[in-house]
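Chain lettering (A, B and C) follows the sequence in which the chains are written, and residue indices restart at 1 in each chain.
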C-alpha cells in the first residue's frame, strides 16, 4: 500500500537531486547565449580574415662587393645578351635593394559580391645608405580593383572576376632563378578573368595601355589579350597597337618603328618534374613579330621594326633528388632578327642550375651554376658592336631560413661568393654596360650577403 | 512513523541523482570561466576594432583614349574656365591614375583619451606604365594627430577634438560629380573641432599655414578659420595673411599681389532632395576678397590682387526618381573681377547632371551631361586671350559594382564613351592648355575604362 | 525491512531528478565543444597578435613662425656647432614635418622559427602645403628581415637573432631632447644579435655598407661592428674601411681623405636618475679616429682626414622632482681636431634641460633651456670662418597629451614660444647656414604649434 511517505520520499529525492543541479541550470541557460556569442565571435573573426586590410610583399636587400672593396657589379641582365632579355642566374649576383609592398582592402557586399582593392608601392635602390631621397625610385606600380562572386553573373561568367586599373596581370609567371618573367603583361586597363568557354576551357580577356613616351604620353600602346587555359595547357595571344609610333615615336636610333605587333605563347604547366619525380616543370614557347618581338614585356619596346621577329623558349622545373638534395634546372633561349636595324640578329642561350643541400631545419647550402652563350649582331644600333662568346657564373651560398623544405620557402638570409668569367670579346658590346667597365672585365670573385622574402 | 530508512532512501536518491550530474557540475564550473573568457575575448575583439591599425583610401585608375588611339585629353578642369576653378563633369573625362592611402593608428589611454594618428600618401600618374619612378608624384599629403574624449575637457570643450599637423580639414566637402571641393582647407597647422558655443551651435577654430614659395618657404600664408554649425546651416569665415607676398611673392605676371584676404561661406546641408523627395541637397554661397578671392583652396593662390573679388555658388543633390532611376544635378558658378590684373573679369556657369538606371544588383547604366558657359577676360594675364563661349559633354558609362543602391556606393568598374564639343573661340584662351591642342579642338569622342573606389 | 518500494521509490526520485537535468546535460555536452572552440579562438587571437601585420611609426608636424610671419628658422643642428654634430634642444625649434611609417610582417614557422620583415618609408618636408610632389623626400629607409628562435641554433647562439638588409641598427639610442642619436649605425648589411659570449656578456656582430658617392656607388664604406653588453655596461667597437676614398672620393675641399677609421664607445645605461631617484640616466664616451672621427653616424663622413680625431661625451637622464614636476637634463660635448684640414679644431658643449609641470591628466607646461658654447676653427674648410661664442634658447610649450606621466608619453600637441639669442660673431661662420641670414641674426622670438607621436 502506498502511503504518503511513499510519495513524499521520492519527491524529496527528486527535489534534492534537482536542487543540486540548480547552479548548473543557471549556467546552462547562459550556455545558450554563450554558444550564440561564440558563433557570432567565430563569424566575426572569420569575416575579418577574409575582409579588411591585407599586407603582402616581396623584398630583397643586401650587399655585393668585389675583391677591391668596391660595390659589386651584377644583376641577371648584366651580360650583353641581357640587353635583349637574356637573363642569367640571380644567386649571388644582385647588388640592389628592391621591394614591393601590397596594401589591400577587401570587402563582401550583402549580396555576396567580393571587392579587392590593391595599391602596390615599390622601390629599387642601388645605394646602401639609409636616406635615399635623392637617388631613390619609390613609385606606385599597382592601383586596381577586382570584383568577383557577382550574383548577376551566370553561365560562362559565373566564376569570372572583372577588374580595372593599373596592375601586373594576375597570370604572369616567371623563372624565379633568373629573375625573369616568362611573360610580363602590365599597365593600365581593364579585363575579365576566368570566363568558362567550355567544360575544360577558361579564358581571360583584357585591354592594357602603356606609354612609349612617358612624359607627353602622345604615343600610347594598347595590348589586347586572350589568355586560354585548358587543363595544363595555356595559350596566350596578344595584339599590340601603337598607331602613332612610326610618326611620333621615340625611335631611338631605329629606322621604321612598327605601329603594331603580335605575340603568342604556348605553355605547359606540369604537375611533376618532367614526369620523372615529384615537383613541377614548365615549358613555354613564345613568338612575336613587329612590336610583339619583345615577347616578354608586352608593349614594352618602342624601337622594334616592322620586320622584327623573335622566338623564345623557356624550360624549367624543380624536384628533390634525394631527401636532402634539391635541384632546379632552367633553359632559356631566344633568336630574333631585324629588331632595331635591318638584318640585325640576336641569339642567346642560358643554361642555369640551382642545387641545394639541406643541412638542418634552418640551414642549407645553395649552389648555382650558369652558362650563357650569345651571338649578337646589332648592326650598329646604339653604337653597339657585334660580339660572340660565352659567360659563366658559379655561386655558393650558405643560407639560413625559418624552415628548409622547398625552393619557394622564404625568407632566406644568405652569404655568398660568386665567380664570374666570360670571353673578353663580350667586353666590346657596349660602352655603357657593365662588361669591360673599370674593374669588371671577367675572371673575378664577388662576395656579399642578402635577404630575400615574399609573403 | 519515519524510520531511518525513510531518511536514508531519499538521501540515496539525492546523492545518486547528484552524482549523475557531476560531469555536468565539472563543466558548469568551467562554464563560469568560459563566460569570463568570452567576456575578455569580446572586449579584446572590440578593442581591436577601435584601436590599432586602420586602412582607408580613395582611388581611380583607368584609360582614356581618343579615336586616333592617342591618350585622351580631359579632366574636370580642362576647359578655359577650369583655370579659375570652373569644373565640369568627371564621368568619362579622367585620363589619370590617382589614389590616396590613409594609414591610421588609434589608441585609447587608460583615462579614456582617444588618439588618432594618420599619415596619407598619394600619387597622381598620367603614365599608363607600371614603373613610374621618373614621372610619378608619390608624396605625403597628411601627417597629423587628433586627440578626443579628453577627461580634462569640460563645458563647451567636453566633446571637442584637438589636432595638429599636416592635413585636409575634417569638414571639407565636395561636389563629387565635378571632382571639385566646395571648400578645401588644407595645410599644416593646429586647431580644435566641435566647441559647443551654445545648445545648437558648435564651432571649429584652426590656424593653417601654407607656402606660396615651396622651395624657399619665404612667403608663408596663414589661414585663420572659424567654422560654425547650427542645425543644417554652416557659416565659415577665413582670414588669410601672407605678409611678405607683396615684397617677395612669386607674382607671376600680376601687379600688386595682396598680402591679406578674407573668405566666407554660408552653406545649407539638406536632409532631403530640396524638400521634394528622399536624398540630400547642399547649397553653398562663397565670397572672397584679395587673397580670399580663391574661394575654394584657401590660401592657394599667390597672384591675387588687392582688388580681387569672387562670388561662387554651388547647388547639388541626389535622389531616386523611381525604384531604378537615380538623379544627381549640380549647378556651379562664379563671377570674379580684378583677380590678377586690373579690370580682368571671369564668369562661368556649369550645369551638370548624372542620371543612372540600375539594371541588376551588379550593373547600371550611368549617363552624364554637362554644359558650361564662360566669359573670361584675363586682360593679358599669362598671355591669355579673352574668350566667350560654351562647352558641353555627354557620357554614357555601363557600370559594374558590388551592389547598386546609391550614388556613393563604390567601387565601380566602368567602360565609357564621351562626346565633347565647344565653341571654337575657346581654343584661343591659352597656348598651354588642352583646348586647341593637337587633336583636341572640339567635336570628338573619347573612350575608356576606369575603376573608382573609396573605403 | 527493505521492500521493493523502498528501492523503487528513491530510484524514481533519482531518475526524475536526473531527467530534469537532461536539458543541462545536452548543453553540458556542447560545453565541451564550446571550451574547445574557445581554446581555438583564443589561440587564433593570440597568434594574430604575434603574427601578420604590425604598424609602427614616428611623426612630428607643425609650424614655426617668426614675428614677421615668415617661416621660422630652426632645428637642433642649426647652430654653427651643428655642422659638426653639436645639437641643441628641439622643443619649439623644429620647422618641419617628418615621419617614419614601419610596415611589418611577422610569421612563425612550424618549427618555431620567427620571421620579421620590416619596410620603413619616411618623408621630410619643409613645405606646409598638402601637395609636395616636387619638394618632398619620400624614401625607403629600412627593408630587412630578422630570424629568431631558430631551433638549429644552440649554445651561445640559442637566443640569437640574425638579420640582413637595409636598416637602422636595433641598438642605436638617442638623446631625444636634442634629436641626436648617441650612435647611429645604419646602412645595408647583415649581422647577428645577442650572441651569449659568457654568462653576463652578450654581443652583436655586424657588417654594414654605406656609400660616399650615392650616384655612382664607386666609393663604398664598410663598417664592421662588435657591440658588447655586460650588465648595465655597453662597449661598442667599429672598424671602418673605404678603400677607394682617397683616390676616388668626393673629397669636398679636404686634402687627404682617409681610407679607414676606428670608432669606439663606452656607455653606461643607468636604471635610476644617477642613483639619486627613480628614472634613468645614460653616460656615453665616444672616441673616433680617421673616418671614425664622425663618432655618431658611423661611416657617414667622406671628408675626414687621416689625422682626424674626435672625443665626444653624452650624459642625460630623467626623473620626477616631485609628484608633478619632471626634469630631464643633458650634457653633450665634443672636441675634435684635424678633421677636414690640417690643424682645424672644433670644440662645442651643449647644456640642455627640459622641465615639465603636469597640470591635469591631459595638460602640462613644458619648459626647455639650452646653452651651447662653441669654438670652431675650420681653417678655411668650405670657406667657413673661425668663430667663438655662445648660443642660448628658452622655450615654453603648453602641451596637451592623452595622459601625462612621463617624458616618453606620446602623442603631444603643443603650442610654443621660443626665444633664441647668440653672440653675433656666430653669424660669420658660414654663408650658407641659417645664422646671420635675413631676419635671423639673434635675439628673436619664434612661435608655433606642433604634434609629436611615436607608437
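Keep this in mind: a contact is a pair of C-beta atoms (placed from the backbone, for glycine too) under 8 Å apart; a residue touches a chain by one contact, two chains touch by 3 or more.
Just so we're on the same page, UniProt names per chain: A, B, C = Sucrose porin.
Note that the structure is a prediction, hence the values are computed from the model and not measured.
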item	value
Category of the chain touch graph - line, ring, star, complete, other	complete
Classification of the subunit A:subunit C interface as same or different, half of numbers criterion	different
Magnitude of the superposing rotation for subunit B and subunit C (Cα, nearest 5°)	120
Whole-Å gap between the CA centroids of subunit A and subunit C	35
For subunit C, residues contacting two or more additional chains	9-10, 13-14, 17-18, 21, 24, 28, 31, 34, 38, 41, 45, 53, 121, 138
Subunit C-facing residues of subunit A, complex	2, 6, 9-18, 20-21, 24-25, 28, 31-32, 34-35, 38, 41-42, 45, 53-55, 57, 59, 61-63, 65, 68-71, 97, 99, 101, 121, 123, 125-136, 138, 360-363, 400-403, 411, 413-415, 449-451, 453, 455
Residues of subunit B that touch subunit C when the two form their complex	5, 9-10, 12-14, 16-18, 20-21, 23-24, 27-28, 30-31, 34, 37-38, 41, 44-45, 52-53, 103, 105, 107, 109-111, 113-115, 117, 119, 121-122, 124, 137-145, 147, 150-153, 162-168, 186-190, 207-211, 214-215, 217-220, 222, 241-244
